[in-house]
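The first chain written gets the first letter, and so on, giving A, B, C and D; residue counts start at 1 in each chain.
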């Protein structure tokens, strides 16, 4: 799998002395779903700002599509087109008068023709299901709607990698479901996605691969099953275990599942593993 | 159980025409843990602002400790001492750059002596574990720490009822655990708590009683078990079901739990219900 | 977010009574202003630098950098004072003559410029001593004790607290705009900055309403009363400061 | 020989002053004014502060939430002045927010808010100073806002468009601020031959180069801001 984006021993300290990143090395493969977990202040947001060139590593370097980023004006423009970030708070991402204007902001800054911009805006609104809101002023929208507009505004730039910083924070359960479904759609189109979240259940079920950050360092990396079976790592990062694994383990310990039973990926998998209690089975 | 706070057919429409509450009737018993669930924009925050007299019902009325609120200056001061609100965003709640001064604001407004205020500030800081932060300015604190200061600033007024508006939004799992533990402490002191949250797992495990709001109306009320077994209600409010109940139901359907098994309240309850698979048990 | 602010909370003189520090800084500042000879500001610079670096523990490098802040103004201002433009040639005037007008310096002008330069640095040393050792929270306490109108103190206090909140907001908006190439060209930069300023205003307005609601819920009524931190008087500091200023005054009167 | 060195020094000083930063160039530095003049400007500004405080007090009485708004508005003005606007000349500079603030909050409130902002610029950023707070307040929080507000009202009364009114208010408010600063410096340091007028021309000369493009930039920016605010 070719790496789309790589960070190599990236360190970054803010002017106030906060050491936000220390020798962070990681790799984001093309088209995959990557979750980044870790407590508040672990350096996730700082890392993301390195991925589209807003921040520049003080040590180490970032590679995009195999080439080291050189931070020229042109290189940055290219990078920011290819790597989109949907920030946590939609209110600080939306600043235009209407939904349509908001979404056209990025494509217009790319210097595309009006027609091309128009098409992209339509497509992005259709993909996020907000076509009906296009003429509304952004500040009249509900929180969930604003989130969609923020996602559409990044989609319209047609990036290859989209970073979602806590996309479900503060959303009600239905909006959370909708946003996760939208992420699934985007992923199916072959785009790589980085998701930061505090919801271990979502991370476990959704991600192909997980990086765990704490104190500005990568303290764990692996598949969801690997990450969440490492109790020391979870403790160090202040993470809970997904309930799915708790129940699975308990059932296995109590002898209901064979030791070789596959680790379930989602609720349906788990419930599928649980056998029916019937006379015939009891007779075995 | 005596009702501490009651709303009787309360309606409220904002000047811009948004009908935020429609004939809301509900009752908060003394010393209990009440969760208020519902999608963003359901009217939860508007309701809370009625509970301590910031908003005045356009129809219907609010009773505190059996007496109808009369909105005189004195009655309001009393009410605001008895009913505290911890708002969602601590940055909109904290006006002072000094932690200690911030917490002293509420008690001073009650007209207490400087000494008494000083004692209360100490006690509130000790209860929320922020005594070590008192010499730091607010802008040096993390989000989670600010949240604690906000809680302390309400605790220092020694209210009988505290309303928490989305206290765990944006918090990482460890801070979420800490805040919920703090709520537990507060509840043990006999204070009533109202919690609004989008986390159904937390609501299910934590609450004594749940109200469900949608579109400015109370569309459901009951114990957690009642609320979350009502599929129509959950659908109408856009709520998910706690995973605990999903697993419980599945186990019951598959015959592992008797139809009379108690509904588990938390993970340990559930895992406790699952029997061991052993030769002797199989022989039954 | 501001280094000066950070040092104010972490320096070794933080726990000295703020009233003493304010009085010391202002009295010394006054002496720097009225002193007729450049010797006094020079002594003040040396002693304030000693107190700020040596006693309060502010890094020397940072302290020296602070003096660069007013430097461009000082250089330009002092140059203009030293500069003489005249059509009547003077014996002492050295410079260039063009079309009968002479542009140049006189020794008197240079002397005056040097004096003002030194005096400004002396005064700045007093300001820096105050701002690097005394948190704004404590300065507010002093203002309240000086019976500055409560409304004014409340406004200053709110401004201080929300500078940091709004700066974080500006940072978020700016980052989001830059991520979508909002500052790729001069034209888009203007547009983006305009959006930023307008949006920040709307957010400021909303925040003020939320704050009002939250404070009303805690019984706010006209005044933002808070409990003051009681600092004990530090006699050693007070004595040293008084002796220092007294010596300066005597020196000023003698010379 | 002496001539050449003088020339060179002069040139270098000017170049430094121009390049080193139009940033906050209008703040009179701490200790720069003689004691008498520093005190004089405090005396001049005092009535405006009284008036501003009284006017705020009255509005706050009828609308207690306004205190929070004005407190946050002070923070807004401070944060705004910390932004960098790219100038047409290619360099970067800080807006004064004089025009924007005057139109949004009125000149009375601005005398207080501007004074608070200047206090924090001195304490947190080391721009300006305590002894020159009176003088700086007079130029930036009294004269600038009055000119801006007056122009804005005048143009609107003459049925001028919003954009023209805002642009003129912001640009000329900004320019008048530096004219005032020049005057303050000239009064304190009259030229040996030529007096106050000659001195003022000297100071204005140096500010004109840096402040003129900045004033126009700020005018344009303020118009953009008002257009956007009008859509809310």
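Details
Please note the rule applied: contacts are C-beta pairs under 8 Å (C-beta built on N, C-alpha and C of every residue); 3 or more make two chains touch, one makes a residue touch a chain.
Computed from a prediction, not measured in an experiment: that's the story for all the values here.
A straight line joining the Cα centres of chain A and chain B is 30 Å long. Inter-chain spacing, taken between the CA centroids of chain A and chain D, is 45 Å.
We define each chain's centre as the mean of its Cα atoms; on that basis chain B and chain D are separated by 49 Å. The multi-chain contact residues of chain C, meaning those touching 2 or more other chains, are 1, 5, 136, 157-158, 160-161, 165, 195-196, 198-199, 202, 207, 211, 215, 220-221. Annotation for chain D: residues 68, 228, 232 touch two or more other chains. Multi-chain contact residues, meaning those touching two or more other chains, occur in chain A at positions 139. If each chain is drawn as a node and touching chains are joined, the picture fits none of the line, ring, star or complete shapes. Pairs of chains meeting the touch criterion: A-B, A-C, A-D, B-C, C-D. Interface residues of chain C, counted against chain B in their complex, comprise 1, 5, 9, 135-137, 157-158, 160-161, 164-165, 207, 210-211, 213-221, 224-229.
Taken in their complex, chain B has these residues touching chain A: 38-41, 88, 142-144, 166, 169-177, 198, 200-201, 238-240, 243-244, 246-247, 250-251, 254-256, 267, 270-271, 274-278, 282. Note for the complex: chain B touches chain C at residues 49, 52, 54, 77, 80-81, 84-85, 87, 89, 91-98, 100-102, 104-106, 108-110, 114, 117-118, 121, 135-140, 153-154, 157. Interface of chain A with chain D (complex): residues 97, 137, 139. Every residue of chain C that touches chain A in the complex is listed here, in rising order: 1, 3, 6, 169, 172-173, 175-182, 184, 188, 195-196, 198-199, 202-203.
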